[in-house]
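Just so it is clear, A, B, C and D label the chains in written order, and each chain counts residues from 1 on its own.
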Amino acid sequence: MGIALGANRYGKSGVHLVVVDRDAPQHTITDWQIDIRLEGDFDAAHIHGDNRAVVPTDTMRGTVFAFARTQPVGQPEDFGLRLARHFVATIPSVTVATVRLRATPWVRIGEHPSAFTADASVVRTAEVRVDGEGSHVTAGITDLRIFKTSDSAFADFHTDDFTTLDPTDDRMMATVMTAEWRYGDTDIEWDASASAVRDILLSAFATHDSASLQHTLFAMGSAVLEQRPEITDVHLLLPNAHHLLVDLTPYGLDNPNRVFVSTTEPYGVIEATVVRD
Amino acid sequence: MGIALGANRYGKSGVHLVVVDRDAPQHTITDWQIDIRLEGDFDAAHIHGDNRAVVPTDTMRGTVFAFARTQPVGQPEDFGLRLARHFVATIPSVTVATVRLRATPWVRIGEHPSAFTADASVVRTAEVRVDGEGSHVTAGITDLRIFKTSDSAFADFHTDDFTTLDPTDDRMMATVMTAEWRYGDTDIEWDASASAVRDILLSAFATHDSASLQHTLFAMGSAVLEQRPEITDVHLLLPNAHHLLVDLTPYGLDNPNRVFVSTTEPYGVIEATVVRD
Amino acid sequence: MGIALGANRYGKSGVHLVVVDRDAPQHTITDWQIDIRLEGDFDAAHIHGDNRAVVPTDTMRGTVFAFARTQPVGQPEDFGLRLARHFVATIPSVTVATVRLRATPWVRIGEHPSAFTADASVVRTAEVRVDGEGSHVTAGITDLRIFKTSDSAFADFHTDDFTTLDPTDDRMMATVMTAEWRYGDTDIEWDASASAVRDILLSAFATHDSASLQHTLFAMGSAVLEQRPEITDVHLLLPNAHHLLVDLTPYGLDNPNRVFVSTTEPYGVIEATVVRD
Amino acid sequence: MGIALGANRYGKSGVHLVVVDRDAPQHTITDWQIDIRLEGDFDAAHIHGDNRAVVPTDTMRGTVFAFARTQPVGQPEDFGLRLARHFVATIPSVTVATVRLRATPWVRIGEHPSAFTADASVVRTAEVRVDGEGSHVTAGITDLRIFKTSDSAFADFHTDDFTTLDPTDDRMMATVMTAEWRYGDTDIEWDASASAVRDILLSAFATHDSASLQHTLFAMGSAVLEQRPEITDVHLLLPNAHHLLVDLTPYGLDNPNRVFVSTTEPYGVIEATVVRD
């Protein structure tokens, strides 16, 4: 029995591209952190130290910067598609290229043409994969903190010898949402679609009568699939940001769902994909 | 020559209080991370292991939660004053109490009465110090990312054998602002004042014709003092979030202030207090 | 076309268990951060809000603490196996349980029986998965920073229009190693095996004449498989912690591979599994 | 009443210098993260945008790299003194220069001459301040996690209406130590002194019969001053890494100081300077 190379990939992470467009009186900022991964036939490099098939990660970085100059960068998915297709088309050893982008939005200060603040609450992500079967686009929202102060219960769950949680028909529900959704093709108005998905997710979260975080997750994913035909499935990762009711009886006080302590560890994690069938 | 106890203080950090007010149909969320520090005569505890003067940090935490129930919490500065005055007034060994609060704002989702998103771009801070001379309040804004794509230069600086930077009359200026300002008394509409200061700082940043980050810092601080008589001085901490023009000549391309790489290290830091004289 | 629940899992993260054994005069500390994930039939919870199949994540936490009392915890893999088997065996809805552990080692201060320092350079991980096919154990080392000041080259690589990197036969090589390896069965002396793997990886890294980080990765993985028959494959994740030679010519100085700047972004990432065939 | 510039300083942070010495067969690595701050007369820059007194932070970085080439770098304090004295001596506007260094130790892998692992448990710091009164050196240890499983009590403390903590004569004590100590002059074997201080602190922590973290802090600081005459005072910052005894009674189990949960928030912080008088 011998030893061989199994699955492998490599690339550049943390390429922080900022493109400033000052052609019009109202400037704009594009701010993307970009990760690139390549897969293909790199056996010779690993096994024999023969680098002829290896494109340096430094070249990947250079390609990002050059591409940002030769054409308008467009939306994150557009730029990811350009990059990923380039790597697969021009590097003989490469069969799969994946590009991830994390976009920080810069919002104009008032009406000022050239001054901005970052809005961390609308960070969005995109992942483009180009392989032998074509181009695949996933878009997302990351790190969006959301909180529901009513219409959230958790009761009638499985119990055993290690159960200590009391069932409740009224609890605080908070999470830091990471959502990713896949598209069926690549001819999409990406920004408009992402913005619509964000609104649908928030609305579904706000209006749901929740029996559990799982229950709300499915309602959120379903709402997206119902309203956005261009999307094939939705993945939601919802850590449960616990808010524990503080026991105030040692101080002679009641606590009718008013004073909570927010804890970071341990925390529940609920994760699922909602699909079309 | 002997050994003695010098300056000392202790307390509880990271008390994450969340108060949900559901008395009105439109719910509200108060979300504060609180640090408490006490100073006073704790020689016996340190030197002899005699704890009779020491209030456990656990008690500080309990006081936060109990106080959040017995009265409306009000604005961060109000709650900080209540806590700090309580510790100085009721614990014989304590001569100085300092309470820091970091407030995360929760913004209603649309018109929904009980669903919220966090807006990390308007986190504000408050620090209350109560000592033998009275009560002192400092308020602040933290981690606000701002960017200016025009009207920023840096030239005519001191040069020596180790200078490599080229002077420029047109550069990108970006920073992650932390501002703190002190009040002359404690009878203030805290939230309204903080909101006004935020607007003044952003407006001054946006409209300034900048010869350096120092120059803009002073303009920002001055604008606050000119417009807000209740404030005695302003401290600004402005790390320089460098955006370096990428050299595209290896790819046969020019780069007329369009494609930048954002770097995290090393970074400049500019820090100053603007005062009344 | 309808909407359905796809892949899903949930559990508790960040359960930080510390077990102190004081039965013998020489105390010992077990310090584990534990994540649990369960998979199974949770359709009713997601789709209908019916929680009868759902074990609360709070119960998972309780199970950890109770299990830590009822038997000696043993090595991380032992405890992970106990937990994962328990969840699959006792909860009807659960078909797969995965337990991840991150172990912080506490090293005795000198010969002292009850005082310790943490050694962050030997953190190790374990992941146990129990499913319908049996029990599967993966062990690992995480965040081990390693550096090679000779015998590292990178040349003769693929070039194109975006290449700027110069080939070199002498560069610094540094990485923050994360290694994970799988076992063929569960009757293993886990700590001894992990310790041996760590030594093999470090030795292979130290003595390799490297043509690239890929080349060294394969040598490291191969060495493990050659010397440890209990291991079926090895996954290595090696970010390239770049050390760039500083250009000192502006200061009239040469730099014969002596003065470097360590940069954090962007960074290369090399990742592969070395397998038996 | 006018507006003026108050206290101010500026500089470069995060200059990550790595010097590799390959002159001898056994290579060595020096790995320092360096922050520089300058104070002086910068009124014209702030108020009028006149940069003639301002040395760019880019020049500070260049000075670090050039100095690393022109002489052996020596120990962190040596290099900090060289840098700080240079800035005060050669830049007319500068009256105070402060240099902070954080040194990551790289430990040889076995006997190998050119392969290393980082040992995060012995990170040390140095801060050099040069001003009109001379040169002042502070050295330190940072982020050293220590744990005591016996000889730690906390009882007989102050109680009031908000007390819930039970007194105990036997608890776990853990902290993440940051220590800094000042020297009376600059003619010191820095590495040897720091190494000795580290041993003294650990030994004092291990052997102390503790009535509180304050009590142990003072014992640790006193031990340093008693044994190291070159040191004038010691500052210790000791966050209390709480290990809470888990209540196992819901599972029908006792818990004789055996099973603990380690929590990160909230946490106590004890801080003091031990001085000579």
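Heads up, the rule we're going with is that a residue touches a chain if its C-beta (ideal position, glycine included) is under 8 Å from a C-beta of that chain, and two chains touch if they have at least 3 such contacts.
Small disclaimer: the values here were computed from a predicted structure and weren't measured.
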What is the set of chains touching both chain C and chain D?
-> A, B
Weigh B-D against A-B on C-beta contact pairs and write down the one with more.
-> B-D
Roughly how far is chain A from chain D, going centre to centre by Cα mean, in whole Å?
-> 37
Where the CA atoms of chain B average out and where those of chain D average out, how many Å apart are those spots?
-> 23
Just curious, how far off is chain B from chain A if you go by their C-alpha centres, in Å?
-> 29
Where chain B touches two or more other chains at once, by residue number = 15-16, 62, 66, 161-162, 164, 250-251, 263-265
Specify the contact topology among the chains shown, as one of line, ring, star, complete or other.
-> complete
Residue ranges of chain D in contact with chain A within the complex = 161-162, 164, 250-251, 263-265
Listed in rising order, chain D residues that touch chain B in their complex are 1-16, 37, 42, 45-59, 61-63, 66, 90-91, 93, 154-165, 210-212, 214-215, 217-218, 221-222, 225-226, 233, 239-240, 264-277
Across the complex, what residues on chain A touch chain B?
-> 15-22, 27, 29, 31, 62, 65-66, 68-70, 106, 109-110, 112-121, 144-151, 172, 202-203, 205-207, 243, 246, 248, 250-251, 253-255, 257-264
